[in-house]
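In what follows, chain A forms one complex with chain B and a second complex with chain C.
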Partner chain A sequence: MNERDRKSYLAAVTDRFVRGGMDRREFLRVAGKLGLGATALGMGFGNRPFMLNKAVAQEQLKPSADVMAWLKDVGKPFAGTTLKLATESTPPSNAINSQLKQYFEEATGIKVEIEVLPLEQVLQKLTLDVASSLGTYDLYYIDQSWSASFSKDVFDPREQIEANAELAMPNYNIDDFLPALVDGISKYEDRWVGVPYDIPIFIMIYRKDIYEKLGLKAPTTFEELLNNSATITKEMGPTTFGYAGQMKSGHYALECEWTSMLWGNGGSIFSADKKFVGNDERGIAALDYYTKLKATMPPGVDGWTWDGQGQAVAQGVAASMLSWGEFFPYFDDASQTKVSGLCEAVIPPQPIALRKPSECGYGEIPGVGHQGGSSLAVSRYSKSPHAAWIFMQWATCADTQALITALGGGTGPTRASVYDDPRVVANARVGAGTTRHLPVVRETIAKYMGSEPDLPQWAQISSDTIPVGLGKYFAGNYGSSKEAMDDIGAQIETIVQG
Partner chain B sequence: MPIVQVKRIAISDSPWPWLLPLIALLVVFTIYPLIYNIWLSFHEFAPATRGLKFVGFANWVQLWNDTRFWSALGVTFVYFAVALTLEIILGMAIALLLDAELPGFGVLRAVLSMTLVIPPAIAGMMFLLMEDPQFGVLPYLLGQFGLLDKSTPILATSSLALAGVLIAEIWQWTPFMVLIFMAGLRALPVEPYEAASIDGASSFQMFRRLTLPMMSKVIAVAVLLRGIDLFRVFDYVFVMTSGGPGTATYTVSLYAWQQTFSFLKWGYGATLSLTSLIIVMVMANLFIRIAKVRW
Partner chain C sequence: MQQSKSARALRTLAGWVVVGIFFFPIYFWTSVAFRDAKDIFNWPPIIVDFVPTVKNFEQVFGISLGFSFGQQAAVTPGGGNFYMAPRLWDSIVVASMSTVLAITVATLAAYSLSRMHFRGRHEFVNWVLSTRMMPPVAVAIPMFFIFKQFSLLDTYIGVILIHGLMNLPLAVLLLKSFFDDIPAEIDESALLDGASRWMIFRRIVLPMAKGGIAASAVLCFIFSWTEFLFVLTLTQTGLKTVPVVSSTFVTSIGTAWGNMAALGAAAIVPAFIVILLVQRHLVRGLTMGSLKQ
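Let's turn to the complex of A and B:
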């Protein structure tokens, strides 16, 4: 065989191997005959990292036969219906939209149109739909901060289960949803505003290699977090900084991070008698702590939301962050970042002090693991509420959640059983779509989760009053942290009193 | 309708049959929304609950006492004045330069108009990256010339943020002024220039005494068109600063959008939009009278 033919043959064999048409042993045998051995094997692996994992996983990453059979059966009368959902770009929505809804559509004959929009536009569409009662959207994606506003415009899933027994998915098991998430995301007063659909939650993510190089340990307290971050910035700045924040003035991201700092320093937003107390002694200490931590961050942090923060870690600009766990699988993707396998996830640092929920107002739950998230619900104005209910059950059942998580979504499952699903556990290795951070996510939800207050004015307070005030403070427009917090407090009191 | 009647309408001298479709469109898309907006400004309307309450002039009183609104109005005026002034000066200077038929200037003219096809939100994103203190080219260049510490977050610094946004605005829309001014320059008669040249007038004298007066109507139209646009600025601030830091770049449009769609205060949002409309109409009419713009 001449050199040219040998190379062509090798290319064909490698292609077969990469596509899964030849096993590893056979490939090694053929490559050995060509005198290439392990070098050629390296070519195959180099082009497709984690190929074997994915190949094995692909076999399993199909909806369960039982679920498909139920969909086929229950969906028949609704074939030809089109359902619409407007949603933010979140891991569950993206996985369903790009990879999973085809299974639902094929089984039921129901078409699903998913509009992926920025959060503000989702709210805009929802509001117009509710105001007009037109039922343009059959399913509502409801951010936790909107629960109070839309609680009466959606069906309570418990009512749906009782009222439509013939449409109920076997083993849907509504009690499987983590109770902390039901309380934090999907409940307003005594109603369920849909079911928990998405749970981004703050966990601690740090660069193990940098920490080890400087002889540091993963931060377990707020004090350690500050000291570690300062050491890294001092030793490795200005190329690498100790910590990355999400501090864009006027953006909800800044409020999220500040809340975590506030709770971690023993403060709270409201007192039990529903007064703003972010300006008390603990609140001031929290802002002073946040200011010191900011000094360890890269200069651009004032303009970053969580995106900029995540990119700072992904690109090696920052060595740690307390942020949404769903970043973690992205960091582990060698084709997208420089830090694959270098980051570790741990529970958030222990708070200096922690106020009890009973000492706070409007259902606020202090906890460093700041929780975001959304619910999925069927609109009361939907023209096809039954078909929408079938879709909602399928989209939030344990089987679909496991697929979403295993496909690399990264978000923490909202059902307890999914954390132990073999498909999810199998992905707990370094690589794209890893789930190795999920035990930390689960523990954070159970023990360290912080939840924002529920009140109709919260959307304004959290997306404007607080982050605008903090933005002014960090831009140097206030004389002191006390002055800033007092001003924010005065504005909040005015808003709450209407 | 009988065919004879249709034919009669078609050959009628009356303008109404031809104007009616246009009037209908205006009523549906302009007059009705305007009236609805005025009606809404006297109500408190929570769309999520469809709670509608007549509140009289409460929204207007709130506007009067709203420091955020006055701050946003101030920012809008500064943005409007700085952008318009610089766009006119730069636009005229570049138009005069490109008016010369030098080799390669044809390509330059084409390149200039390319900025206009970029959506403002995309241009805002471009400048957001270019002004990043970590890897942005702008802080780096300013740092090289010793004008700014290169790690300064321009868009997060109160005193610089508005300038940071204005750079994007001016970069994108100065070519629009260039195109308008060049069209005007090309339509000017050559005789006055020939006469002035024989009389020994300098280039500056010719510009001041001939070009500017003859171009005044063109400049006035450009000012009117861009002025109205500038007063409604939204895209750049939304993308680049979200109004921050604090309220340093909050404009009236951004504030109206936020009240309407983020806080679902439709009544107050309508009041803010109407106020903006009234200000633009008054300013435009004053300008038309002062500059004696004729359409």
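Let's turn to the complex of A and C:
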């Protein structure tokens, strides 16, 4: 049995054992055949399945020998170089920063300095770097909403592969990146703005125990989501509410949730001729739906970003949310939340209607699974672009991505192969850092993903104009949903026209 | 006038209530540092009834304290930022050195402005004041380019310089008012006795203004300790002060409140010690001039 098959088989067996589908004696027998003793598997005296998984993880969560050999070989001429990257504190960046970059540094002799900052400050730093062309950073962490703005300041990875064949990682396989993510996150017009690095995406997360207690089924449509949420709030309020939103006035979070509601009700932000159409009939229906859903949410929701929304579910205040899948592993952490093992992930509710991408402008792709995410790219102003390209390939190759997913708490992988990686599959059990939600994430990316428009002014529109306008609407500053949307539309038209 | 027992008790009680109101936010923030996430966000909020943990401190400072309050300490897998311990040191160095810089220059400048009558003195004082009116963000970006040219980005010297410059106008204005409160007649008498200006400044005026200098130094220290924008703009990974590190706990999947509270609670200690050390002078400095005729 080759190494990969052995690991796959071990992962499957481990999974069966953890789920109670196999007794310990049988498990030890199979493990023994695979050449692993009880000690290597972390088998203590007592039923501690997480200890077991942890030990398996420790045995397996090391970079592949092939990758390390390549790094050693290709990195030699660049030993002594220092690379700099400014990034948001995301699971991939944290896993690389705290646990993985040491392998890269040891193999290549290239030092990597990762500066972790809040997202808006990453943007400030990149903007300064680009404006000055100083090459302060070698690698750029580019949020999907900045792709258009930075598209000319980074190398297209396809060009890098062609131009620097001697530096290309064997089996890097650029086609392994999920095509939907390349389109949604990393592509602007015909250029690749780096490669997909991080993919938070909206999935439906709900409290299975509460739903079962009230005889409800996981919401599959927007109507069911509203009805279920209203029922829970009516039956269990004011201690538990049906749904938690991310509705903080003036914050990007509100724009994200609204966009999902808009797309799910058949609307879009822009029409094919690039006019704002959030105020058309479907747009108004979406805002009215959102208003009704808000009535089922806990008080104070208009002060919450996704953080408050997640905490509401984690503390048992709310029974469901449509939000970033990255929260799910946190919910399963019994030391952090009260809902470990009680939440389930399902695909987002089916839309009432869905506009086609061809009917929208600026590359907007309607879909309830609102996608965020970022790319990793080599700066055109870098003084060490070759060393940076080596790091970028290593950080985004399948092996490193699998390690990030397993170590970084079940973040959504951007490569197809990582979803099937035995190390990732082995982590699909209830507990901290679970990956048991990843099949839902993968299906959502493939079939239900929604992507925001790409235009240089989008950062301003999405983080200011729309959420400020919506905040005013929910605060009662407009006479009607139509009036609010018309006002937001007028502001957007002014911004777009410059 | 004799107060009745009940009136005294009432006054004491009122005093404790006032102290309690002001102390509660500090208590709550510090207590968050010792809580698990589920005790931080519990609804209704828990005030005292939680099992304390040192986990947040261990995660923030990347160390094992070697004990727990009955709970297993653990480090978040793959998450968290494990480079905070030297950053408290960064804040201490930057705040102390920039305060020394600002106070040294400001003391000399303020004494000159207080005692020497030269042309344009009032205009100069107004100009010094006006520099405080400029929003720091307007300066930060040009400073980035200047610092880059002089290789000062991401260095202690760079941040100490900028914090020193930032605090200079305030220190000059404060110290000038303290020197103004010391009668000029004392200087004149000493001059008649043959003392030089420098001698008068060093031996007579400076000791008298000790309280004012301490008060100004504390303010400079606190401003530097809490400054965010310049450190953010002018540094990368070379050094990071507490406010910038605190902001990194705002992550893509929420804010690590426990970690942030742990760093915040730890960050109170050095500032508290500085204030404690100069407390005697501080009270004197803050009340200087209040009884002048």
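Assume the second predicted complex is superposed on the first by the 448 of 498 C-alpha atoms of A that agree within 3 Å, B and C clash if a C-alpha of one lies under 4 Å from a C-alpha of the other, contacts with A are read in each partner's own complex, and residues count from 1 in each chain.
Following the convention adopted for this analysis, a residue touches a chain if its C-beta (ideal position, glycine included) is under 8 Å from a C-beta of that chain, and two chains touch if they have at least 3 such contacts.
None of these values were measured; they are calculated from a predicted model.
Asker: Who does A:Gln460 touch here: chain B (first), chain C (second), both, or neither?
Answerer: Only chain B is touched by A:Gln460; chain C is not.
Asker: Looking at the overlay, what does A:Glu326 touch: chain B (first), chain C (second), both, or neither?
Answerer: Touch status of A:Glu326: second partner only.
Asker: On the A-aligned overlay, A:Val317 touches which partner chain: chain B = first, chain C = second, or both, or neither?
Answerer: both
Asker: For the overlaid complexes, name the partner, chain B or chain C, with more touching residues on chain A.
Answerer: Looking at chain B versus chain C, the one contacting more residues of chain A is C.
Asker: Just checking: does A:Thr81 make contact with chain B only, chain C only, both, or neither of them? Give me first, second, both or neither.
Answerer: neither
Asker: Tell me which partner A:Gln336 touches in the superposition: chain B (first), chain C (second), both or neither.
Answerer: In the superposition, A:Gln336 contacts chain C only.
Asker: Answer with first, second, both or neither: which of chain B and chain C does A:Leu128 touch in the superposed model?
Answerer: both
Asker: May I ask you to decide whether A:Val468 touches chain B, chain C, both, or neither, giving the answer as first, second, both or neither?
Answerer: In the superposition, A:Val468 touches chain B alone.
Asker: Figure out whether A:Ile114 sits in contact with chain B (first) or chain C (second), or with both, or with neither.
Answerer: In the superposition, A:Ile114 touches chain C alone.
Asker: With both complexes overlaid on chain A, does A:Asn265 touch chain B (first), chain C (second), both or neither?
Answerer: Neither partner.
Asker: What part of chain A is shared between its chain B contacts and its chain C contacts?
Answerer: 124, 128, 317
Asker: Considering the complex alone, what residue numbers of chain A touch chain B?
Answerer: 120, 123-124, 127-128, 130-131, 149-150, 152-153, 238, 248-251, 298-303, 317, 459-460, 463-464, 468-469, 471-472, 474-477
Asker: Which residues, counting only chain A, touch chain C once they are in their complex?
Answerer: Against chain C, chain A makes touches at 84, 86, 88-91, 94-95, 97-99, 113-119, 121, 124, 128, 132, 134, 136-137, 198, 200, 306-307, 310-311, 314-315, 317, 324, 326-327, 330, 335-338, 372, 404, 407-409, 432-433.
Asker: Quick check: in the complex, which residue numbers of chain C touch chain A?
Answerer: Against chain A, the touching part of chain C is residues 36-38, 41-43, 74, 76-82, 141, 144-145, 148, 153, 232-233, 236-237, 247-255.
Asker: Looking at the complex, which residues from chain B come into contact with chain A?
Answerer: My answer: residues 47-50, 128, 132-134, 151-153, 155-158, 241-248, 258, 261-264.
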